[in-house]
Each structure stands twice: as C-alpha cells, then as structure tokens.
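Structures follow.
Two complexes follow with subunit A in common, the first pairing it with subunit B and the second with subunit C.
So, the complex of A and B:
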C-alpha cells in the first residue's frame, strides 16, 4: 500500500495525528492545568483559601464525620438497577472509611464505602465522598465544583464522557497515537539533531510552523513519550481488565494467598467489635517511621470492615519527599490497636510501577519541577496545534484551487481546540465568580451550572470558528483566530478582576500583604495568558493586513512528504 | 476468498483496524499470558499485572506501527489475531493448571 517505510510512517503521523490530535490537545492542556489542580480549587472555592493542613485527629474529628456519612446520589443511582428489591434508606454496614491528603491540601477529601444488602454482584458497594475543613470538621458545600481537581483533572483522562467509560477509551487510544506520532515523527525527519536548534519565524508561515512543530516535539520528546506511556500504564487495568475477566479465578486465588501472608482479611467477619483509638495507632506508625530514619506525616488513612471483629486500620506515609504517592503502610487491628503488619520494602516491579505512575501524578513537593511539567504540557499543545496549522497551510492553496472544503473544516476545528478551549476554560472560571452563592430553588446545583456553561462556551466558540471560516477556502486566514485571541485576552483579565471584586483578593494582597500563592499564581497565570493573547491578536492583525495570496511557493522535499 | 478481496478493496481501513483492534487482541493475549506466567514464577498478582501491562503497552506501539509498515496485510492479521488467540488460550490453560 505504501511505497516505503518512511511514507507509511508519514501517513500514520498525518492522519492519526489529525484525528486524535483534537483529543490530545485536551489531554495535554487540561493535564498541564491539573499540575496545579488544588491551587485552582482554592481560586474557585474562596472558603477554602487557607494553609495546607496535616491529617486531623481521627478520634476527635474524623470519626464523627465518617459516622454521619451516607452514600451519594450517583452511587445510589448506579445501584438501583443492580439490587433485588428497593435500596435501604440507611446504610449501616461500612465496608471502609478513607482519607487522603497531600502537602498542598487545606481541605480534606474523605471517602466511604458500604455493603449493599441483596446486591446481585457481591463486589458492588455503595460509596460516598465529602470534603471537610480539617480544622473544624465542618463539611464544605458539596454543590460547589472543585474546578481544578474535579473538572480539569478528570477532563484530561476521561473527557467527562462517563457513558460506559467511553472517555477513558478515547483518551487511551489518543495516548497510543501520541506514542505512534512521536516514533513516526522521528522516522519522517532525518535531521533530528538539527531540529533542536532550528526555528525560522521570519520565513513563510508553513515553514516556520513546521520548525516550531519539530522543535516543540523534539525538545520535549522524552516528556511527551513519558506522559503518554505512563498515562496508559496508570489505566492499564481499565484497558486490559484481565483480572476481572479471563484471569478472575487466578486473581481470587492470589487474593486468598495474600490474605494469609499479610494477615489482613479480605472478607468481613460476622462478629462485631468496637474501634480502639486510631490516634494512638497513628502515633505508633509515626514512631516506627521515625525509628527507620524517615519521620513523616500521614498521607492516607483507612479503616476496613468498620465495626467488625476483624476490622483493621491502615496508615500510609505521605509521599511529600518521594515519588510514590504514599508508602510504608502500617496496619493495626482496629479493636485493640495491636500491630498486624508493616509493609515490607517494595518489590522491583512495584518500585518501577510506583516510580512511573508517581512521576506522572507528582504529589511530591518540588515546585520547580511542577512548573516544568506545566511547560512540558504546554509545549505538547504547541506541538499538536502547529501540526494542525501545518496541515492546513500545506493544503489550503491547493484546496482553494480545487474548491475542496477540507482545510477549511480542519482549520475551524483547530480554532475550536486551540482558542476555543481557552474560551471554554475561562468561561467556567468566570461563571464560578459570577454565579450567586445560593441559586434559586429548582435551578441545577451551582457546580452543575458551571459545568454546562463550560460546554456552552466551547460550543459557541466552535460555532464562531465555523461561521467565520469562509476565507480559508480562498487560501486565506480565518479571522476567528484573531477574534478569539481577543476574547481570550479580555476574558482572562475579567476573571482576575472578578476574583478581586467577589473575594477582595487582589494581587497586591495575595502577593505582598497576605501572601497566598495558590490564588496569586492563578491570577498571574491568567494575566500572562491575557498578555500572550493580546500579542497574538496584534501579530495576526498585522499578518492579515499584509496578506497577499502567493500561489506558487517552492516546496522542499521535507515539506512535500510531511 | 471473499475476505481477501475485502482486504484488497479497502486496504487502509483494514490496516487501521489491524493497528487498533488487531493489535489490541494480540496485546490482550500478551497481558494474560504474561500475568499467568509471572505468577507461576512466584510473582504477586498485582506486580505481575503491572509488569505485564508496561511491557505490553510497548508491544502495542510496535504492532500499531508495524500494521502500517508491513508489506503483507494478510500476514499482519495472521500474526495479530492468531498470536492473540494462541496466547490467550495458553493463558487460560496455564491458569487452569495453577488454580486446580
């Protein structure tokens, strides 16, 4: 089908890159924002703008909160068709309680699971989650969307397409295509070393765009490869669910074997027993970590089979100073506080896995690296966006001659995924500041409304991109690029001003007088984006004025086959 | 023969399907066989699962590109579907031995 290896790779690069590139833009952009997901949460939920807190006292603070918890609505909706008869009005048998925190969390996320009577699949549990102020135990209103960690973050790996996990599969395919695009891209371009240093911004758009595409791809090649690959590894059990399907018998056998070696029961016993002081167990765990020369805070704490005689408490050390998210688990018998088990050192496969996934998820403390992650993610966006523009630039004059609409459609989609995505992102931030704290009865929850407005903003940007796309079919520039850049600049400034007006947190306050970097950082980033967008507007205006169609242009060999 | 003429009529479609679906079938077999083999060699189930998926994601990438680079589309489908089926069957056989 293809004349040679290089041409086959060029085909893969062009067409898969084009189709899945739109998804990859979302993954890289929202992935980059997710690096600061908790900081964006602080910006979006002003009540949570205080300093990060350690894991609070379980006995005094967490236990009463856990005891009041019940499954959330999504969980009950999910279970309704999976039980024989109606769901109970109160769930009393707690499967587990858990809390997770990092060095960047002022508020604490807590989770609980319950056993469901008369459920058909015994692995199904009811679940619930809440966010609390760990200083007081007060619940944060759950109708507020944590825009960073509950919207941008899941967007980058699931696109918020929850139907049968469709989003995960699309993103998985996109990650595979990213890897394939990197390899095929290297195969296509023989002069890879030279491309580290080649950027000719003054040449024709097509040439300079290709330079920038190669530069951003090659410069951050290890970054792009690593994140696409580890993204696949993190969700490998979704993509290849062998443990729940073909190898279920073996998996269950191993669970029983593991239970024997760890002494941690997989099934709940029928006998009941009260819960001893968990704070004493935490103190003992911390004493043991200190004795090993690695004093630390609690990152993850869980109680399994709550209320049963074989209930146990697991305490994991926060991974603030290492790559693994949490580790060095110590397990206690819940009814007595007796030590059951100290996790042995990691095996080699486990070390490799926690290293790879931990580097992707980066919950450790390293602010410089954190910013480099953002830079890497944005370089990925530059690489993909310039890929689109190169695709269009290479074809639009030809299409203008033949009357094809191909490059016009691709260009409009590129506008939608580049500036349109920024507009959608700014829409949700602005909506978050503009919507009243309490909405009238009968309205959707505040968080849901923000969610809808995000998509409405994006759809509007898409419509605009298509409506304004006619000049592309004549080989010219789509004015939507310039107009949407202008909108981005205006909206980013508006978001900063609205934050000031609605919370009183202006930059002089958050940087100098009452320093609070999470909010200051988001504001400064927004202002920098506004400046860049304004610059882009000016350059695009100049280009549109200077535009004179040049129909014959010499094409180099590389341009011809890319 | 009808199948082969279909291959000739839509070669690009069949290559895309081979790269995405065919390679997936092969990789499923690889994951299953690796997990069973590693556990048979004494590794814990989750460790085996992690190691198997890391190796297999790299295989997926290679097969994905090979589906376009190979000259014979019939061979591509033979290796991907056949290899996947054989490895998956071996995995089930070995599992049956281990669990019994």
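So, the complex of A and C:
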C-alpha cells in the first residue's frame, strides 16, 4: 500500500491520531486535573475546606451513621424492574458497609449495600453512598458536585458516557491508539536524538509546531507510554471481561476456593450475631502493621454480611508511602474480633499489577511527583494540540486552492478541544461559585445544573469555533483561537474573584494568614492559566496583524481577474 | 525539610545533566557559546552529563522507596530536559557557566 514502512507509519500516525486525538486531549487534560481532584473538590465545596482527617472511630461515630443509611434513588430506580413485586420500603439486611479515605481527604466517603428480597439475579444489591464530616458524623448535602473527583476524574476515564459503558470503550480505544501513535511517531521521527532539545519558534509555523510536537512527545515519552499502558491495565477486566463470560464457571469456582483458603465467607450465614468493637480490631491491625515495620493509617474499612454470624471486618492500610496500590488487608471475625486472616505477601505478577495500577492511580503522598504528573499530562495536551495544528498548517494552503473544507473543519474541532475545553472547565467552576446555595423548587439539583452548564459552555465554544472558521478555508488563521484565549483569561480571573467574593478566601488569606494550599493552589493555577492565555492572545493578535497585508493581495488579484 | 532539599537538589542536578548532554551537541554548543565545539570536549561533556543524571537518581533514592524514586527520577528528567530545551530557545546564555565542563580554558 505504501512505498516504505515509514510512510505507512506516517499514515497510521496522522489519521488515527487525528480521529482519536480529540478523545486523547480530554483524557490527558482531565487526567492532569484529576491529579489534584481532592483539592478541586475543596475549592468547589467551601463547607469542606478543612484539614485532612484520619479514619474516625467506627464504634462511636461511623456505626450510627451507617445504621441510618438507606439505598439511594438511582439504586432503587435500577432495581425496580429487576425484582418480582414491589421494592421494600425499608432495607434491613446489610450486605456490606465501607468507608474510604486518603491522606488528602477532609471528608469521608461511605458506602453501603443491602440484599434485596425477591430479586431475580442474586448478584444484584441495593446500594447507597454519602459523604460525611468525620469530625462530627454530619452528612454533607448530596446535591453538591465534587467537581474534582466526581466530574473531572470520571471525565478522564469515561467521558461521562455511561450508556453501556461506551465511554470506557472509547477511552480504551484511544489509549490503544496512543500506544500505536507513540510507536509510529518514534519510527517517523528521523532525528530523535539530534533534535532532542530543539524548539525553533522563529521558524515557519509548520516547522516550529512540529518541533513542539516532537519535543512534548519525546521528552515525556516514558510518561505517555506508561500512562496509556497502565490505563489499559486498570480497565483490563472491562476490555477482557472473561471472568463474566467464557471463564464465568472458573471464576465462580475460584471464589469458592478463595473462600476456603482465606476463610472469608462469600455467602451470608442465616444465623445472627452482634458486632464486636471494630475500634479494637483497627488498633490490632495497626499494631500488626507496625510490627511488620510499616506503621500506617487506615485507608479502607469494610464490614461484610453485617449482622450475620459469619460477618467479618476488613481493614486496609492507606498506601501513602509506596507506589503499589496495596492495602495489606487484615480481616477479623466481626462478632468476636478474632483474627481471620492477614493478606499474604504478593506474588510477582500481582506485585507488578499493583505497581502499574498504583503508578497511575497515585494514592501516595509525594507532592513533587504529583506536580510532575501534571506536567506530563499537560505535555501530552501540548503534543496532541500541536498535532492538530500541524495537520491544519500542512494542508490549509492546498485546501484553499482546491476549495476543500477539510482543514477548516479540523481547525474548528481543534479550537473546540483546546480552548473550548478550557472554557467548559472554567464554566463549571464559575457556575459552582455563582449558582445560589438553594435552588427554587422544580429546578434540577445544583450539581446537575453545574454538569449541564459545563456541556453548554463547551457547545457554545464549539459553535463559536465553527462560525468563525471561514478564514481557514482561505489559508488564514481562525480568529476563534485568539477570541477564546481571551475568554479563557477573563474567565480564569473571574473564577478566582468569585471564589473570593462568595467564600472570603482570597489568596493573601489562603497563602499567608490562614494557609490552605488546596484552595490557594487552585486559585494560583487559575491565575497562571490566565496569564498564559493573555500572553497567547497577544501573540495571536500580533500574528494576525502580520497576516493582514498578505490577505489583501489575492483579493486584488481576484478583482483584476473579474 | 531535609527531603525537600534533597529533591530540589535532584531536580537541579537533572537539569544540569541534561544541559551538559545538550552542550555536547554542535548546534546547542554554538547557541550557548557562539563558537565551534572543540572536538575533544564531546566525550567529556557526555560523561559529565551522564554522571549528573546518575547523581540525580541517587538523590531520589535517598528520599524515597526505590519504586517511587525511579518514577520521580524519570519524571524529573523530563522536566529537566524541557527546561534545557526552553532555555536553549529563549535564554541560551544562561547555560554558559556550564561550558567549563568541556575542559576548554577560554573566557566565554
């Protein structure tokens, strides 16, 4: 099909990169934001702006909260058609309770599952979740969107396309294409070492954009490769659901065997027994970790088959000091507090798996590495964005001659995914600060409204990009780039000001007098983005002015012909 | 505080190492020093650059568990290489002081 290997690689790189580049841009950008998801949550929910807390006392604080919990609305809606007869008004048989925290969480996420009577598929359970203040046990209002961990983060791996898990599949395909693009990119690049440090902004746009594309791709190559790869590893069970399909009998047998070796019952017993002190079990677990030379806090705590005689408590360590995502779980019999099992040392494949997933999911406490991940993610964005621009630059003169609209459309889509995505992101942050605490009756929940406004902001940016795209078809620059950069600068400053007005947390306060880095960090990052966007606006304005005289030439020529 | 200093040192040695590796290249040497690269300097600069990168790794290992240190190092090298590339583009003379690594007795 092609004369040589390099050309065929170039074809793969260009076209697959173009089509899935739009998705990859979203993955990289929201992934970079997700590195600081908890901090963005603090910015978005002012009531949660306090210091991270350890796991609170189960016996005194968590147990009463869990006992008051009931399934949430989505769960009941899901189950309604999956049971024979009506759903019970009160769910009494608790399948499990769980609480999860990290070293960056002031608030605590709790989760519960209930068994459902007369359900057709016995694996179906009712579920509910809440966020509480671990100092008091008070519930946080559930209509508040945790913009970082519940919006930006799922956007990163699922695009909020939940229909049949479509988002996961698109992202997975994009990750696979990313790997192919990296390999083909390395093959295409003739001077990978000779131009390792090369960026020549004073050369023609096409050359300098390609320099930047190569630079951002090559310098962060280990990052790009490992994050695309480990992203696929994390969701391997979704992409290869063998445990649910071909190998389902084996999987079920494995669960039974596992029960035998671990002593942790898979099925609930019919006999009832009260729950002993879980705090005592936590103390014992911490003593055992300390004895192994790895003293630590509790990250995840769960009680399975609550109320049954074979109920057990699992306590996992918060993995703040290592990459591998492991909990060194310790399990106790819930009724007596007797030790049932300590997770054994991991096998080699398991260690590798937990290292790879941990590397991507980053539960560790390491602020430098977090920032370096943000840098890696943003370099990924630069690489993809410059890829789009190069695609357009290379073709737009030719397209202008032949009257093709190809580069015009690609350029408008590039505006949408580069500056448009920033506008959408800033829209949700601004909406979060502007919307009133309590909305009128009949309105959607506050969090839902923020969600809709995000998409509305993005659609508007897209419309603007297309409306303004005509000059591209004449080989010129789309003014939408400049205008949207301008909007980004304004909106980022507005978000910082609105945070100050609505919460009283201005930068002097959050940096100096009442230091609170999560909020100060978001504000500073917004201001830095505003400065960069303003600089980009200035440079684009200068460039458009430089274009003007050339613009008039072909017009006069046309007039001469007419 | 101790860890912060070690990690800062690690990042800075990473930048320095990358700068030496860049200086070992004809084009970049000319950008920084405005004269041709002495033939016998290439190997010296490369060895120095490599040694600095290794030192950066050792500094990372002093702070964290090996699995974490390896990641910090790789990412710090990315940041270092990017810093050098951008300095070469906009402020090449900032790297002049590293030219002593070439072993040339000359005033730059």
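Quick note on the criterion: the second predicted complex is superposed on the first by the 545 of 562 C-alpha atoms of A that agree within 3 Å, B and C clash if a C-alpha of one lies under 4 Å from a C-alpha of the other, contacts with A are read in each partner's own complex, and residues count from 1 in each chain.
Everything that follows uses one rule, which is that a contact is a pair of C-beta atoms (placed from the backbone, for glycine too) under 8 Å apart; a residue touches a chain by one contact, two chains touch by 3 or more.
Worth saying up front: this structure is predicted, and the values here are computed from it rather than measured.
Student: Thinking of the overlay built on chain A, is A:98 touched by subunit B (first), by subunit C (second), by both, or by neither?
Tutor: Touch status of A:98: no partner.
Student: When the two structures are overlaid on chain A, which partner does A:253 contact: first (subunit B), second (subunit C), both, or neither?
Tutor: A:253 sits against subunit B, while subunit C stays out of touch.
Student: With both structures superposed, pick whichever of subunit B and subunit C touches the larger number of subunit A residues.
Tutor: B
Student: Is A:435 contacted by the first partner subunit B, the second partner subunit C, both or neither?
Tutor: Touch partners of A:435: none, neither subunit B nor subunit C.
Student: Contacts for A:375 in the overlay, against subunit B (first) and subunit C (second): which applies, first, second, both or neither?
Tutor: It touches subunit C, and subunit B stays clear.
Student: Determine, under the contact definition given at the top, whether A:223 touches first (subunit B), second (subunit C), both, or neither.
Tutor: In the superposition, A:223 contacts subunit C only.
Student: Let me test your reading of the model: by the given contact rule, A:242 touches which partner, first (subunit B), second (subunit C), both or neither?
Tutor: Touch status of A:242: first partner only.
Student: Contact-wise, after the overlay, does A:5 reach subunit B, subunit C, both or neither (first, second, both, neither)?
Tutor: first
Student: On the A-aligned overlay, A:197 touches which partner chain: subunit B = first, subunit C = second, or both, or neither?
Tutor: second
Student: Across the complex, what residues on subunit A touch subunit C?
Tutor: Counting only subunit A, the residues touching subunit C are 194, 196-201, 215, 219-220, 222-223, 321-324, 355, 359, 364, 366, 368-369, 372-373, 375-376, 379.
Student: What part of subunit A is in contact with subunit B in the complex they form?
Tutor: Touching subunit B: residues 1-2, 5, 8-9, 11-12, 173, 176, 179-180, 183-184, 229, 232-233, 236-237, 239-240, 242-243, 246-247, 249-251, 253-255, 258, 347, 349-350, 352-353, 356 of subunit A.
Student: Any idea which subunit C residues touch subunit A in the complex?
Tutor: 7, 11, 18, 22, 25, 27-28, 64-65, 67-68, 71-72, 74-76, 78-79, 81-82, 84-86, 88-89
Student: Can you tell me which positions in subunit B touch subunit A when the two form their complex?
Tutor: Contact set of subunit B toward subunit A: 11-12, 15, 19-20, 27-28, 31-32, 35-36, 39, 43-51, 53-54, 56-58, 60-61, 64-65, 68-69, 73, 88, 91-92, 95, 98-99.
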